[in-house]
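First chain A sits with chain B, and in the next complex the same chain sits with chain C.
Showing the complex of A and B:
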């Protein structure tokens, strides 16, 4: 190893990968290894009380339970619905922000406000839902239908939109800033209507980034625990089941199994988002 | 059209925060906004028990930021300057906590290292692996910048030592990226709840757990006051994030 000359002509410098070693040790020990242990636990290969030899029994039991299947379906519907709705809202917002940025118009306050929820833990967003649409919520005073909405499917969906908003706006804004305004302008000059320019020029260019951002946000929303933990007396989502298996009677194998299922769903969302974005990008370029 | 949607979105984000402030300053929120008259009593009740918890959360967040710079900085440098299949693999490995949900990682961590939980060491390390991807995402592009690399090699060939190159060239030219990394990591650690759920030392919880506890056991007004105090602590950090984000594209148009 020491005989190999450093790539960038500095004599006797220590090998560059040494700089990465502490971080890699931390990541290996406290991220990769625990996840491997979790996967082993779910397969019955862990230490007691998660042992019992290689088996898929934990998975068949988890997926055979109606409560878990309901939570899984709710998770997919709520996280998926929230991300879709957030994307619909975010596209006009980032286009407006890009236009304002190019014109040099402020918007710093709106910018800070729209970034704020990213620094708020999910529990606070759950609490917001209680303040506004809980049983004594503020909006309940205006219309009775709002009281208790926080604990329903709709209420949770709205809370998750709040959660997703900064996570979609941030990356999508970067993509909108790179759009060439000349393209849309020339289409307009050639007589295309505003709606047509959006449909045939702006949207196809923004779509790959929107899909990829959506996949990432979906992964985060699926795993989000704080919001639903605060509103846990309402609709059940899968992360609640993961936690419950440990908090109510330390069932490591069962909890690990659900955690693996949840992680697999999140990874699937990420991978699908990226693959689909690549496909669309190629289709648009062609 | 876009202006209306942007406006409505801002309202959607702002209303719950304002409603929390209203609840926190109402003597009896169940009688409506400022029911029983406006008061600051809830803040007076909320602050004394919350102060040490906030202090603890601040300490954890600062420690996580420092560790990120010490451990993540060199890693970002290696990834930016020595691209190879190995660094790409490293990137995937570091990003594991982005793909694995926090509560799952929490289960994994407490399963692997239960003995590190009571001291709080596991909490800090859990926050570190969770925030490292954000440090890397901010620093790697800045460190890979061609102009910076040229300047560094010119300075070195003129006889500047590594410390001098780092202090006078590398760090200043990565200032915006560093600010972005520091603020993001701080905010993420300060509000972290999911990964912390099973690894947070039970006797000495962090701020989000104090809030979570209040949400299920305390009056709505008191919980609102605590939430408002928490938001007041992250708001400056968030302004810094927004500032760094606005500065970032201007650096490389």
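Showing the complex of A and C:
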């Protein structure tokens, strides 16, 4: 007697790619096609009347412009700085949350308050900044130094931290929840101080997740438009330039070029975050 | 080198007193998880703390380690009152239930962790790690990652890590619960052998009767946060303090009894058993009681013997026999019968001569 299951019926199963087809169609239409058009425009491969043939001229002009270089640098500094600062704030918060969750006394109000900004558009966050630290802002009444801070580099940085916070807290909280509390407890009984336990056990185990989360948050922050659109006076960031090239003069090629640069930076942040996280995970385990 | 030989270098008086817990009370919010528990563990002794889940046994262990705040009572270790001390200052070796081996460190680095935290000199540290690897037979695995180890090996890493610091007390939380049941017997004997080598006071928390009986030189039985009985395994087995202890530790039934005219009367006088059929032993727990184990009763059809009528509520085939659960009035009892016995809905029970114990104060 054969123990093999009868093969009947298996042949009738449809191929797996058929199930993925609708999703692929959506991705192709709304993601791959626009990216291809955007890249083609930036390389002078657009429709003939506008574009004359393959060229890197748009890139050299964009990267040659001091305004674009400034915006690029500001984007990297503000998004990067905001993510770094957010991580510094978030690590103690998620560790505390994980402890409270285990003890079954997680505060729903605190959770809501911390993750609320994820639902708020960047423009609203910009408004918050103006209301608090604009030229006639609330905090400006208390101390003159706050007045007009929203439009400065520092003000923008603070607004971006607020923007990044929920994007870092959410995933990092999940990672903190998977840390076994018995690890830190064992380390304590072995004679390690709280600081030593954090440095030798908690942080090494949380770091890969923190880096990966940081990469994702950086990618999102680089592309954020609403906040800087509301607060742009002195400091300009790259998404603003992309929009400007389109709205003032409809320079499709120039706009596409900057958009490609911006997208590449975001993707790079994401990929670097993942790769670095994997590297650190391996280094920590070595 | 054995752990004992290594530890002998410490001054003897400092460790002389072992571990003492006095009137320990722990609250979680407004509920008391542990209420006035007192027990002591001599150096080189192993005490098992046992009880059903939620009885406060793990909380007791965590309070000794300093991982939960104490709301009353005292914990003293090697003659020092450590109540309220940080866990890092207590000099305690903890082996948590899942072993909590640091996943990002090698076996050797795990064992060295406590020594590093204490600032032990590198040469001394390497020597001690080498000793511990040898004692726990992990030398070949020294550079392995924890995820490449079996459950039993991880347990030995946690044990070696805890013992490396020469603790005054060793605390093991359900040491065998995370292992496959098929492996537990062998690993229990292995653990017992390694514990016999140490000279620190060892406290084992378990919910498994066999583990407690075989590993503990004394057993503390907890129920709803209170200490019910604290004695040697044999005394707990032979002279349980109450019906709960008898049931939990030995699966036995303890009935209140009165001796009258050569008979023991149980179940409000509905059951009369001739005392000559019973083994009579003294008890330290006040009143006269009848202790019935699974082999104390038989099913009989001889009307001349003193019988108890009971209703069969459940029968369970166990290979070498059939275990009946019967009900006599409000009392549930267990009876073992041969596999080929023909049993109806109700049975007549008699004691197997000499197999049931009459516990009498001052006998």
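FYI, the second predicted complex is superposed on the first by the 263 of 286 C-alpha atoms of A that agree within 3 Å, B and C clash if a C-alpha of one lies under 4 Å from a C-alpha of the other, contacts with A are read in each partner's own complex, and residues count from 1 in each chain.
Following the convention adopted for this analysis, a residue touches a chain if its C-beta (ideal position, glycine included) is under 8 Å from a C-beta of that chain, and two chains touch if they have at least 3 such contacts.
Values in this document were obtained by computation on a predicted structure and should not be read as measured data.
Which one hits more chain A residues, chain B or chain C?
Of chain B and chain C, B contacts more residues of chain A.
Is A:284 touching the first partner chain B, the second partner chain C, both, or neither of them?
Touch partner of A:284: chain C, not chain B.
In the superposed arrangement, does A:183 touch chain B (first), chain C (second), both or neither?
Touch partner of A:183: chain C, not chain B.
State whether A:17 touches chain B only (first), chain C only (second), both chains, or neither.
Touch status of A:17: first partner only.
Looking at A:112, would you say it contacts chain B, chain C, both, or neither? Reply first, second, both or neither.
first
Regarding the shared-chain residue A:193, is it in contact with chain B (first), chain C (second), both, or neither?
Second partner only, chain C.
Considering only touches as defined above, state whether A:205 meets chain B (first), chain C (second), both or neither.
A:205 sits against chain C, while chain B stays out of touch.
Note which residues of chain A are touching chain B in the complex, please.
7-8, 10, 16-17, 19-20, 22-24, 26-28, 30-35, 37-38, 41, 46, 50, 89, 92-93, 95-97, 99, 108, 110-132, 134, 136, 138, 141, 162, 165, 170, 174, 177, 216, 219, 222-226, 229-230, 239, 242-243, 246, 252, 255-256, 259-260, 262-263, 266-267, 270
Would you tell me which residues of chain C are touching chain A in their complex?
Per the stated touch rule, the residues are 65-67, 86-94, 96-98, 100, 102-104, 113-114, 117-118, 145, 158, 161-162, 165.
Under the stated contact criterion, what part of chain B meets chain A in this complex?
That would be residues 1-3, 5-6, 9-10, 12-17, 19-20, 22-23, 29-30, 32-33, 70-72, 74-75, 77-79, 81-82, 86, 90, 93-94, 96-105, 107-113, 125-126, 128-129, 132, 153, 156, 187, 190-194, 197-198, 208, 211-212, 215, 220, 223-224, 227, 230-231, 234-235, 237-239, 241-242, 245-246, 249 of chain B.
Quick one: in the complex, what on chain A touches chain C?
Residues in contact with chain C: 180, 182-183, 185-193, 196, 200-201, 204-205, 284-285.
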